[in-house]
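Take a look at these structures.
Shared between the two complexes below is chain A, which has chain B as its partner in the first and chain C in the second.
Right after this comes the complex of A and B.
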């Protein structure tokens, strides 16, 4: 047990903590090269430069709006589809599940190019809604799968039990299903936000350059030789999803029967 | 006179071509407890699920106090169902589980819930989560949760089957007393005849989608309506589709006081002990029936035995008793 803990700590340090510290140090120091014999020079200019970029703020805000919108839509679609798949006793469930998951198998870029024509026709090209709708393509199959598994684990009997005790549809969802689906909601949040935030090509195609998200601003920065600036941007890029996740985690705490510190009697 | 709480008329439930409930009709008076016994897979659980509103009947109607509730949703019916498994909500404490339904149905009163918690002996564990208590404690909590909603009818689907025998015995009496005290109408489904006799005022033998007979335990034992009831009740040897004899009347040696009109050859399969008496398990070749007979003396045991049946004790099934 102890050796496991030690190996976990070593792996975590080598692959996670150490690179993060390096990134953090690089962001607050002048560009530094191995064996360059230059000393370590503290500086904040990379952050100053980054935060002065007006595009950064616009892109951050747009990314957050798109990320949350994609998350909410995924949550609704995933929750109800997952529930329907578990509670309806019909044949061919495996087929329906496979069809719902199939968009993952198609390259998103191909779908985006195809949908672009449709978006132009219906006036959704170069709009925020268009981009949000397209970000659903690589995320919805996962959210359905996550909630389907979540409901499967809870089991239909647990839902019937709350129904028998008098709970209506929404009471049941809020008092029993969502609290029990907390791990699924967490996975969905992580996955959706990360996928949505990292879409470059499809955002560029459908957004037409007018919808500016963080990856669209981030990639041009990569041509920059200033590694300190790059490190600062990377830190910024990492802080956004983490903050978004914390907000969702706080919202999850508001669900009924959450073990808030002041609710624990024992 | 007691009021009719629940009335079922011509209820049928089909799953594709299979008929699980076949034109079922019965009534329950207020405060009456009916035990339903039947072999596994006979449709007992389906009957409870239809009554609770979890499944729709293919045909037929359900009335509660004269009002039709066939189309009413499960959460709107004043009927509670205790499942075979406790199904406690894992994210709620024992207390939260118990008050859950009571709060939703707006019947929550702290004194009543506290009394219920004390009655099930879970006062000390009220802040524990289901994963922190034993199986028996979980089932007791589930029973209290169903009772806290104060339903007109409680349905029990083999709620003690997952418990150990001593705990099962205690809980049977506790639930029975509680139901009687509260004058709650109840249906108790089980495949254990002894449990059915303890729990119910009346017993219904349910097989092939129908009640084969409904009555007191004594009636069912002494005058079974047909061979299905007789074989399920046990204690009888089925001689033909019309005839049976109580095992008490069968002897392993020629009776001295009367004439044995029928003689059958049997093979001794096994000997077990029950209530400190040896029981011989026999296979009667010509009837292809297995019977268990209490022995007077262990020296009666031989591999091949002859059993003696007096004609005067052979009875015919009472179909009118259905």
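Right after this comes the complex of A and C.
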């Protein structure tokens, strides 16, 4: 067991921790040229340059707005669908589930190309709403899966009990289901935000280059920015979801039965 | 009343489904065009660029998927007891924090021709110059694409397989041990039946993603051979509008290919399940 722990630590550090450390180090050092003995030289200008770019801030703000909008819609659809699937024993549940999850297997690119014409026709092309709608396609199936699993683990007994005690629909959701579904909410938040931040092609197609998100700034940066600046930008891409996640984590604290003492008498 | 309310709860999900299905239907209609039926598909079959791209895409995505699943499975088998704790698990999930293309950039930084590894190789005297360093990014064989995907998907495989391993009851292992089975027997008789549905599902999710995602190959791939997503995107945004139906046709063909693969996967799963229920091997 002990040797196993050591080998795990080595593998985890080399393959999973080290790359992030590397990006961090490169972002605060001038580009490395070991041959000319230019090793680690401390600098801060890459972040200064990055944060002075007004495009970056515009894109960050747009990405955050899109990310949260996508998250909220995912949350509502996932919660309702998970609840419906777990509390109804009707036949054909497996089929409903399969249909709901099937968009994972369709190429998003094909769907975005197909929806482009519709978006132009109804005036949603080149708009924030159009991009938000498209970002739902690669995320909602995962949310449904996560919430369905969450409800399955909680089990219908928990919900029946609050029903018997006379809790209404919303009371039941807020006092029983959401507190128990906390792990599901966490994974959903994380997954949705990162997937939304990863979309370049479909944002470019539906946003028409007018909706500027972080990936749309990152790709052109590749051509003329130096390594330090790119490394700083890469770190920025991890800072955004972590910050957004912390906000959600604070909101989760508002749920009943959290560790905050003032939430415990309800 | 209760049943009715439960069905109402499914409404948002089905409204959402209209989006991908309408988009996909439009893509099919656009790919058929106004001329003789299927003409764009015949054009595709005549296009060497398309055929080379599809072969390259399936090969690259296939290798990346199989490697991700194999490595993920190996890691979780060896370190399951460690991975149930939170902090080791978070360490393994670090790559999931970054978008795919950012991880692709990290691979360029590390393994590119003037990347960190090639610099170290020269400084340590292992290689004469950076020109000796093998070309692993923007290469003809898709090595950079494969490395990026494997690195990003191994944590996902661990995420998907972890609940399976925690649901296996230790009594099963004890049974195999009492009957004199070895490690291999443990894997095939206890773990594999639990794992199979999740493995098939993971394969389909990762394969269809890496086959059709645009970002990573656009960043770290080369222009020939190119992944089908890059070709489709180029045809969609290309200089002439004549290529647009080809973009739709190529995307629809790849979707049909994925659909067939999914059906094969689930038929296979059902057959093994039936066999297991009948008590056969």
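Quick notes on this one:
We adopt the following convention: the second predicted complex is superposed on the first by the 248 of 266 C-alpha atoms of A that agree within 3 Å, B and C clash if a C-alpha of one lies under 4 Å from a C-alpha of the other, contacts with A are read in each partner's own complex, and residues count from 1 in each chain.
Keep in mind that, in the parts below, a residue touches a chain if its C-beta (ideal position, glycine included) is under 8 Å from a C-beta of that chain, and two chains touch if they have at least 3 such contacts.
Everything quoted here is computed from the prediction, not taken from an experiment.
The superposition on chain A brings chain B alongside chain C with room for both. Look at A:44: by the touch rule set out above, it reaches neither chain B nor chain C. When both complexes are overlaid on chain A, the residue A:180 reaches chain B alone and has no touch with chain C.
Taking the Cα centre of chain A as vertex, the centres of chain B and chain C in the superposed model span 90°, given to the nearest 10.
Of the two partner chains, chain B is the only one touched by A:257; chain C is not. Once the two complexes are overlaid on the shared chain, A:57 sits clear of chain B and of chain C alike. Shared-chain residue A:171: touches chain B; no touch with chain C.
In the superposition on chain A, A:161 makes contact with chain B only, while chain C stays out of contact range. In the superposed three-chain model, the partner touching more residues of chain A is C, compared with the other of chain B and chain C. Nearest C-alpha atoms belonging to chain B and chain C sit 8 Å apart in the superposition, given in whole angstrom.
Across the superposed pair, chain B and chain C touch chain A at no common residue.
Note for the complex: chain C touches chain A at residues 3, 5-7, 9-13, 16-17, 19-20, 22-27, 30, 75, 78-79, 81-82, 88, 91-103, 105-106, 109-110, 116, 119-120, 122-123, 151, 155, 163, 204-205, 208, 211-215, 218-219, 229, 232-233, 236, 247-248, 251-252, 254-255, 258-259, 262. The residues of chain A lying in touch with chain B in their complex are 157-158, 160-168, 171, 175-176, 179-180, 257, 265-266. Contact residues on chain B toward chain A in their complex (touch as defined above): 52, 54, 73-75, 79-81, 83, 85, 87, 89-92, 96, 100-101, 104-105, 127-128, 145-146, 149. Against chain C, the residues of chain A that register as touching in their complex are 1, 4-5, 7-8, 11-13, 15-17, 19-20, 22-23, 26, 32-35, 76-77, 80-81, 83-85, 87-88, 90, 96, 99-100, 103-115, 117-118, 133-134, 136-137, 140, 144, 149, 169, 190, 194, 197-201, 205, 215, 218-219, 222, 227, 230-231, 234, 237-238, 241-242.
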